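Order as written gives the chain letters A, B, C, D, E and F; numbering starts at 1 within each chain.
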Amino acid sequence: MRPSGRAADALRSIVLEPGVARHAEGSCRIRMGVTEVLCTASVEPRVPPFLRNKGEGWVTAEYGMLPRATHSRGEREAARGKQSGRTQEIQRLIGRALRAVVDRKAMGEMAITLDCDVITADGGTRCAAITGAWVALHQAFEHCVLKNTIRRNPLQDQVAAISCGIWKGEPVLDLDYAEDSAAGADANFVLAGKGGIIEVQGTAEGAPFSDEQFLRLLALARQGTEQLFAAQRKAIHR
Amino acid sequence: MRPSGRAADALRSIVLEPGVARHAEGSCRIRMGVTEVLCTASVEPRVPPFLRNKGEGWVTAEYGMLPRATHSRGEREAARGKQSGRTQEIQRLIGRALRAVVDRKAMGEMAITLDCDVITADGGTRCAAITGAWVALHQAFEHCVLKNTIRRNPLQDQVAAISCGIWKGEPVLDLDYAEDSAAGADANFVLAGKGGIIEVQGTAEGAPFSDEQFLRLLALARQGTEQLFAAQRKAIHR
Amino acid sequence: MRPSGRAADALRSIVLEPGVARHAEGSCRIRMGVTEVLCTASVEPRVPPFLRNKGEGWVTAEYGMLPRATHSRGEREAARGKQSGRTQEIQRLIGRALRAVVDRKAMGEMAITLDCDVITADGGTRCAAITGAWVALHQAFEHCVLKNTIRRNPLQDQVAAISCGIWKGEPVLDLDYAEDSAAGADANFVLAGKGGIIEVQGTAEGAPFSDEQFLRLLALARQGTEQLFAAQRKAIHR
Amino acid sequence: MRPSGRAADALRSIVLEPGVARHAEGSCRIRMGVTEVLCTASVEPRVPPFLRNKGEGWVTAEYGMLPRATHSRGEREAARGKQSGRTQEIQRLIGRALRAVVDRKAMGEMAITLDCDVITADGGTRCAAITGAWVALHQAFEHCVLKNTIRRNPLQDQVAAISCGIWKGEPVLDLDYAEDSAAGADANFVLAGKGGIIEVQGTAEGAPFSDEQFLRLLALARQGTEQLFAAQRKAIHR
Amino acid sequence: MRPSGRAADALRSIVLEPGVARHAEGSCRIRMGVTEVLCTASVEPRVPPFLRNKGEGWVTAEYGMLPRATHSRGEREAARGKQSGRTQEIQRLIGRALRAVVDRKAMGEMAITLDCDVITADGGTRCAAITGAWVALHQAFEHCVLKNTIRRNPLQDQVAAISCGIWKGEPVLDLDYAEDSAAGADANFVLAGKGGIIEVQGTAEGAPFSDEQFLRLLALARQGTEQLFAAQRKAIHR
Amino acid sequence: MRPSGRAADALRSIVLEPGVARHAEGSCRIRMGVTEVLCTASVEPRVPPFLRNKGEGWVTAEYGMLPRATHSRGEREAARGKQSGRTQEIQRLIGRALRAVVDRKAMGEMAITLDCDVITADGGTRCAAITGAWVALHQAFEHCVLKNTIRRNPLQDQVAAISCGIWKGEPVLDLDYAEDSAAGADANFVLAGKGGIIEVQGTAEGAPFSDEQFLRLLALARQGTEQLFAAQRKAIHR
């Protein structure tokens, strides 16, 4: 029995609430069990310098955590004067994941920033951020279509992410914080709605893992993201 | 008629939700109309260096705004690598306001950090932060009393804050963003439950204001904070 | 008897020396007792980005303190790599105070930076900076009129500032450092020559203060600034 | 035919030169074709604060690139005042990879920093850094055994890393810069000498990749690291 | 005829005013023509970490320039968030120059910081800072002798500095800003009272200079510093 | 006998290897005994803002040291977030030294950055950097002539640098680290191929030195740079 009491292939309860941010063009609050991330999508009618006059758009992400999102208070990155390596790694991952399903030519020269701010952390925040950011991004693109700044929604597929790990030798899906701390390996899978792998990051935290174990983690992730894709579709059709 | 349609002496709807943060010793979500601030109180069993071995506690505050709390996206302070002057000014104000009603000797050598993070901004965020932080601080102190780390709650009084301004020559209470932008003067009042003035910050943004105008603003603020004090008392007795 | 031996309503000796800075378009050294601040006004023929092509000018301020202006040496902000929250709060106040009496349309697209550097600190440096900066700004505008870069001096009124406090229950004017440290409340008043209130910042450092006390502080401030206005007028007519 | 003319499963020429750094306890220059990385291992007789008095050692890594290691000059991170997100991500990866094969209890309370500085970049620098750093670390541990500061070499296994990618639909081993820029997917594999997976990072840069493709990349990586492990063994037995 | 109209070997007017800073243990305002630098010496009863428990003292310097000390306003280093390379180079020079004449064993474990802040700049500020800082340091040491924290003044010699340059082929003493801008070479000499060379920094800004020219600059510097030494002696005996 | 066993006027072994950097327009690895510096010259077809539209080129330098170039590991400046005062002083010196022999009008509006990175440090790194950077710069200019971006090589002379010092009262040439630590005075001479002095920096680290000593150091430096000039000529004619 895993610490959370869930079956090896059980996700935590998922709640996706689109449109929660009063001012943003797109937004989604995602809850995966206790973990809660607020994702907003902000549209700006210009691209960063390296893309100017190329007729393409840009999608990027920033990630943050409220100081008391965690069990003990973490230092505020704005006060410390810099973002940690972990923060930068996560926000680069979120940006790559979303860009993988966007037709940037179809965006024209505009940029969307996805802000993913963790309100409560209990494991899996980077995966929740990706899953929620996709809904926020979809809403922002729909907003642009309505405003006639783009002709069609440039999203080509869904993208969602989930973590898996090996707990007492057993592959399990969707680690919470307690499970993650105790897991012997931890892998984050970013998968596309049509089935492909967009990004895989697997780390053996104790003993290295075998190819078989890795394949079972991938299978669990595929099963988990199917449910996330369904939840996303439901959220955008509300 | 003021832009919000409210009477000159009408507060926006107030909602105080204590205990919303899963991990913090104390917390309160405050909504003043659309403005929403999440306040958490984090207890640490040590004081900053300048207070060591003096037998006193410390209360301090940090303030932040999610990038898309505002109409157009603001730069993330953690990414920019420093907190703005405005942020520092506000967090210093919140800290002073709360310390004014705490018996720091009674705390013993412990420190509480109040994190006030603006989820949605529509004017009056610093005042809402003070009002909500008092509830979070009260809850944190009660937690310490329960844990026997202090003998009694060191809060000596309530503290709440409200902004007032002069709109088309008329003193009005509790400015929202649209009103604040158009106001000729803007004053923030931090008042104590027993009636005293803890802090006053008044700024004439257009023409200087007269003593009479200033006194009418103070009277409005007193009327407004009475309602805030009542809401605080209700929140801590839930 | 207050620590300085002055009557409750007595200012320290005031000396305003305009034109002391060799290279600046405007300047004034102000001494309030031992406190000494050097204020310079620097004219630049362009405005910050947010004002471009709006036909208005800009006035802003920066504040600094020599490391050994104080009783014990303070860390040099340039060496530490950032300005403190206190410094930023003060320089924002000085900028707002001066902008309140400038017709920015009449300036055209030019910017003036007021540098207020504390040579010796003995309380009241932010107030002295405002009072001295007004003289430096006046001189810089006169310089521009002479050079024909503006047609008339855009200053619409005088502005001066003074601190008041409550010492052993007694409202007193113009606190020096020793008095400020011992005062139960401290308020800075920025007043206009024609009588209006431009900015008020009052903080109860011990017990909250009452409305009556606050009004007596305001009356003292008005009395003190009358003398400062007279000194400013004398300085600009030398 | 791939751009480099190599067979799909061919590594670039590998040169490992241990002991090249005059002052370091351990070092290795690694060349993978044109890519050249200098790895040094520096021993310090103390651990970071979070490990004090736990009887364990620490291994960490820092990564840098000479400004003109690349085709066009990159900004010097020391001059810019911060390390990029990419740099931080890479140095965190190198540190994790090496720690995975170290018995930190057997180290006792000492720390080793692996500095991996890229002299010439032509793709695969993070993988080369890991492979070379293992040799430097081995040498440093042998140095400590000789000096009697540890009893036995705490390395439990070899670790090496290699990138693979999909070039025109074809999985290929060990991408150089030109190939990496054109590849449709890019995966870095950090493998253990005894066969386990220590870390996998796969990113679809164009279309998502399938499970089958991913498994073929893993097989290529295993084949490539076998040669790297042999080269490492040869290097440490010189 | 040189731009200033002075003879080739003429110094500008020198004024040294010791004791001008109200709070500092030692201070001196130095004027060399229009150039004006305020030097303060601050005593602290502890040394930096690298000197702890060695029974020696430390003398260090910091240098700054008020933003409008110069013809056009310079950016405030505290606002920019770092000291320029020029500032750091100068403050390192001042510290080395003064340490060269201090018996640091005789100081015991205390540190003196020399703050040299340029009020008005017209060339030669680093040299003026050294000459003035010596007077401030002397005064601070005398203060310590009086307070019995040291037994005797640890200064072993005088130190003063002057710049020389080649103007239209002619070696000249004590360049002001206009001369410095036009000079073909610029050398700063830091000389000891007893005749030795403490530091020489010569830079050919146009054509390289010959040994003969260099020796003539040194002779001029020696002549100039004789007058500075006399002025220092007069200042400390006031 | 000096610590290195060399005669008072003997240089260490010199090796100059031009063209070692795969991607740079010009490069040179210089070894002076154990000291090793990699110098690259990077050409960019634009000048910094202060030179725009003046028809002149720019030459600048940056200096760095690999963390384990030294006996004990030094902190990485990129990780610390700023360059030390020493680094900035050295890179300013290198830039000035090279600019002194360049006809910047003949360059046209292009900029060359000289990156000097110390691979192994054993004293004299700044001097080696200047000597090696001249070869890299020469090669970069030849590259531009070949590419027809400039008509002729704008170098007007050679430049090389060497340190001298006083060891047990005896002037000696080319100090290594052990000698430098023990020397009573240390001077760096930057000399031109045609015989002039470009820059002199002499510092008495113990007792001040006399004019005679200084002249003997200069004579030694001239003798040493003759050999460096010969080595540079040989390097560029390979």
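What we mean here is this: a contact is a pair of C-beta atoms (placed from the backbone, for glycine too) under 8 Å apart; a residue touches a chain by one contact, two chains touch by 3 or more.
Since we're looking at a predicted model, the values are computed, not measured.
Among the remaining chains, those touching chain B and also chain E are C.
Between chain D and chain F, the least number of touch steps comes to 1. Each chain gets a centre from the mean of its Cα atoms; the one farthest from the centre of chain A is E. Two copies of one sequence, chain C and chain E, touch each other mainly through matching residues, since over half of the numbers at the interface are common to both.
Taking the mean Cα position of each chain as its centre, D sits at the greatest distance from chain C. As a whole-number value, the distance joining the C-alpha centres of chain D and chain E reads 51 Å.
For this pair, chain E with chain F, the centres built from the Cα atoms lie 28 Å apart. Centres computed as Cα averages put chain A at a distance of 33 Å from chain B.
Multi-chain contact residues of chain D (touching two or more other chains): 81-82.
Taken together, the touching pairs link the chains into one ring where each has two partners. Order of chains round the ring, from chain B towards chain C, by the touch criterion defined above: B, C, E, F, D, A.
By the touch criterion stated above, chain A contacts chain D in their complex at residues 82, 85-86, 88-89, 91-92, 96, 100, 157, 187, 191-192, 194-204, 207-211, 214-215, 218.
Considering their complex, residues 21-24, 27, 34, 38, 40, 42, 44, 62, 64, 66-73, 76-83, 87, 113, 115, 117, 119-120, 122 of chain E touch chain C.
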